[in-house]
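One chain, subunit A, appears in both complexes that follow, with subunit B as partner in the first and subunit C in the second.
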Partner chain A sequence: MITLGIDIGSTTSKCILLRDGKEIIGKSLLVGGMGTDSPKKAMDTVLKECEITPEDVARTIVTGYGRKNFEFGDGEVSELTCHGLGGRFVFPELRSVIDIGGQDAKVIVLSESGRMSNFVMNDKCAAGTGRFLDVMATILQMDIGDFDACAAKSSDPASISSTCTVFAESEVISQLANGVKREDLIAGICSSVAARVSALARRAGVMPMVCMSGGVAKNGAVRRALSESLDMEIAVDPLAQYFGAIGAALYAYRQAIK
Partner chain B sequence: MAEEKKARRPVDPNSAKYKLGKIASDAFADAIEAKKEGKPVAWVSSNFPVEIPETLGLATAYPENQAAGIAARGAGERMCEVAEADGYSNDICAYARISMAYAKLKECPEQDVAMPDVLLCCNNICNCMIKWYENLAIELNIPMILLDIPFNPDYEVSQAEIDYVSAQFWDAVHTLENLFDLKWSDERFKEVTGFSCRSSRAWLDATAQAKYTPSPFNGFDLLNHMAVMVTARGKEAAGEAMEQLLKEYKENHENGTSTYRGEEKYRVMFEGIACWPYLRATSHGLRDRGINMVTTIYADAFGFDYHSFDEMIAAYCSVPNAINLEKSRDKRIKLCKDNNVEGLLVHTNRSCKLWSGFMSEMSRQIGEACGIPVTSFDGDQADPRNFSEAQYDTRVQGLMEIMEANKEAKGE
Partner chain C sequence: MVNEIFDQFHKIATAPRAQMDSYLQQGKKVVLTSPVYTPEEILHSMGFVPMGAWGADVELNRSKEYFPAFLCSIVQSMLELGINGAYKGASAIVIPSLCDTLKTLGENWKYAVKDIPFIPMTYPQHRKPAYGIAYTKAGYERVIHDLEKLGGKFDAAALAESNRIYNRHNQVMRRAEEVLANHPEITAAQRSDLFKSAFFMLKEEHTALVEQLIKELEGTAPAAENLPVIVSGILTDAPQLNAIMDELGFHIVADDVAAQSRQYRTDVPEGEDALQALAEKFGNMDNCSVLYNVEKPRVQWIVDTAKERNAKGVIVVMTKFCDPEEFDYVMIKKACEKADIPATLIEVDRQMKQFEQIRTNLETFRDMVNM
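The block that comes next holds the complex of A and B.
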């Protein structure tokens, strides 16, 4: 049985095709999320690449912020449940997922049996989210993918005291003007995201094993700062950005066999 | 094709809904009428002892109630902006901003009130109330009477606090007598306290009917009906209407019916003041998922039952925002347990720093004590700019999915 999970975020769309709830047979990721044609394109892409027709898919579940407005799904589930399921699919011992996406950050705590027992999300502020990092990358005229390597060179991470993205933007500009090294600024920016998210994690009752999901999981500097702040190992997997879609596909499978 | 508008069924004039709606709207109309007749009008904070103006026959209007009405009818942002243009920060309570705007404009078609001759302020609900009313007093050049009921860090109300508040109670009475040539009558006071307790007992008994599963009512009904408890609990008609409400809820239970439409799959407690500008979105976000908000301390906060003068004062010293975290928590835990609550939804209300501030820790303790999931959403009691429907939706769905998983784990 083949099921499809689609995660429509604020900045990207991800799809996963799952066979019998066990094997990932295809995946796609397109830039552009809710309100764009990327979700449909991402779905068409994964089906085409795997040479599967929509009729071959037993059930499709949609998750993410765009979950309610996508007409090609059979149902929708929150990204909270899906990130928990997806994380647990990859890490069977997983108890906590830290998901930092484009516009929100969330910490999901799982019971021993793997069901979601608690979650905490960021408030209406962009600080501590991928958007914060995007804004900082723009100011520094850097590719966000280079943050990790650049931050690793830092010997004296800058202190970013503003918790507001807008204020932090002017703070970073001012520190740049004062000659603070780019690598120290980037390390400081990543630490500031980690500080904010680790506070959420503590509130949620984070416990090992912990993993990161979402686009920011790829950022090693944030991951290391988070790990230090929480004093816990944080696992990461190349599929981290797909956890929501994996969870949706798994949810679809569980529904389909009921 | 034009959308066909469903005709609304007329409300049965013998129903609690009709009676309570009429009392709530009459409360505003009566004060406007009194003003036209040249009688004095007081603006009163919601947990000020209603027994004082009611006994003295002083017409009243409730700015909090007015602001909620204005916000629910979509004019919150417009009024807030008027106050902000006058220099009031958008960090200040939106009820206060709307009230300050009304004091300036003296009209708002969404909910007009009679302009006041005196302000009756009690800070048992929050301390922002003092500055709000002081500013009103200055802007309108009218007297303000403050009944100071400070936050009580102890679990019980002490005799010293009762004495402190009692002295202020009588001082407020004498000041009002002198200001407006009014006369206090012990006999009338006894009658008013009787009405107030009768309304309160029926109200608290009605809200307690949520002990049944399914609940005989949709908890969002309480948010509408409580307007009567805020503005008119000392009136005879309020007691009658509340008893009718109780009777209907009992009948609903006996007949297996409810004002909650659809199947009640999950039961939650709602914490905080209602998000009035988005009452429909917040209500439907729950209802569409089979969630019934069966209880909220916000509604019960306006039920004052007592048997003596001292008990009355103690009741006013025990309103939710005047008591310590432990007592507040225990009251809520009791509500959760009495009403078989399966989840807690917390409104992190930008307007109410006091309430939202202590809820972070308190909701954690409630969740632990009751073994229920807790989630919060950002919003505001009256300023629509502080709410995101998508955020609300995701969190409510997450809460529902935990409750669903909990039921599955229990084999329900």
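The block that comes next holds the complex of A and C.
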């Protein structure tokens, strides 16, 4: 049985095709999320690449911010539920998922058996999210993908005292004007995100094994700062950005076999 | 018939101005009553119509001239409505001193809304000992004095009668709350209308309508149980919030909401002196974030009620910047965890336009409870 999970985020759309709830047979990721044609394109892409017709798919579940407005799904589930399921699929011993997406951050805590036992979401605030990093990358005129390598060169990370994106933006500009090195600023920016998210994680009762999901999981500097702040190892997987879609495909499978 | 009664509650809950105009046209004087607790019985006994003023979901502009942004939006929206003339025609407003923000509202009201006099009701923190009850009684006497300036006449026998009317309303509301716990088909929105309409009606009128509802519901077979939960907070009347609760299949089997059941938990005790008895009622009140009690019995009340009503979870609806509720939340969360009752926190304010984050939270909570 083939099921499809679609995760429509604020900045990207991800799809996973799952066979019998066990084997990932295809995946796609397109830039552009809710309100764009990327979700449909991502779905068409994964089906085409796997040579599967929509009729072959037993059930499609949609998750993420855009889940309400996607007409090609059979149902929708919250992204937190899906990130928990998807994370556990990739890491069978997983107890905590820290998901830092484009617009928000979430922490999901799982019981020993993998059941979601707690979750915390950030408030309506860009601090501690991918958006914070995007804003900072724009100020520094850098590609966000270069943050990791650049932060690794830092010897004296700058202190970004404000947790508000708007105020932090002014702070970074002031620090630039004061001659603070770019690598130190980037390391400080990543630590700032980590500090905000680690507070959220502690509130949720984070416990090992911990993994990161969402687009920011690819940022090694944030990951390292978060690991240091929580004093816990943080696992990451190349599929980290697909946890939501994997969880949705798994959820679809569980529904389909009922 | 049940739905027709709920339609009446809805009509009144969503059009308080029309309700106020109707009382004014009948030649009655309306006195606004602010959150969280005011001695409505006194107002009622002196011939005034007490009308709840808990603000509204409006954009805040003029109130910002008086308040900083980081203040409870219920209070801010009350001042906004006052400045914009939404309460025009009211003879006065009674504002209690039950939280710091309410204290600032009273002071700002005096300057911002000059045509509606502010009547302070200063409550003691230690309300249970004899000296606390005496303090409350003195506060009530001050309210009476201010109402007399507006043409009201105090009479102990009339207060005793009003106490009786309010006690009857309390009993009916408590009974309605119990009956609703057995009827999952009654939506969160309908439940909210039932409680909200009570603020805008004379209690004897509301009692009659609620009694009718109870009778009808008791003769109706309940639908199959959905997802029973307890809701806690100050205010949960946002239509979008209730729509999400209904869409996700939550059935509110009990509430710990200040604008709902907390209002009706305690009756005025029997006593020769009606005013003394009313002061004793305040002393007897408990289980509320703004009623000081170092033991915090509210926390255990939530856990016990959840168990008693077979609730599968507790939804804490936090009014943004409400310090008393925020202080209690940590204890509630820990107590629920200890009792193995899932709990979630959602944050609301009077200016919210987007409820998607709340939807995601509640959807996840539903999955967490169900999976």
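Here is the rule we use: the second predicted complex is superposed on the first by the 258 of 258 C-alpha atoms of A that agree within 3 Å, B and C clash if a C-alpha of one lies under 4 Å from a C-alpha of the other, contacts with A are read in each partner's own complex, and residues count from 1 in each chain.
Definition applied: a contact is a pair of C-beta atoms (placed from the backbone, for glycine too) under 8 Å apart; a residue touches a chain by one contact, two chains touch by 3 or more.
All values derive from a computational prediction rather than experimental measurement.
After overlaying the two complexes on the shared chain, residue contacts for A:113 are found with subunit B alone; subunit C is out of touch. In the superposition on chain A, contact is made by A:81 with both subunit B and subunit C.
Contact with neither subunit B nor subunit C is seen for A:229 once the two complexes are overlaid on the shared chain. Touching of subunit A by both subunit B and subunit C, each in its own complex, is seen for residues 65, 77-81, 104, 115-119, 121, 123-124. Contact residues of subunit C toward subunit A in the complex are 344, 347, 354, 356-357, 360-361, 363-365, 367-368, 371. Residues 65, 68, 77-81, 104, 111, 113, 115-119, 121, 123-124, 203 of subunit A are the ones that touch subunit B when the two sit in their complex. By the touch criterion stated above, subunit B contacts subunit A in their complex at residues 348, 360, 364, 373-375, 378, 386, 388, 390-391, 393-395, 397-398, 401-402, 405-406, 408-409. By the touch rule above, subunit A contacts subunit C in their complex via residues 65, 77-81, 104, 115-119, 121, 123-124.
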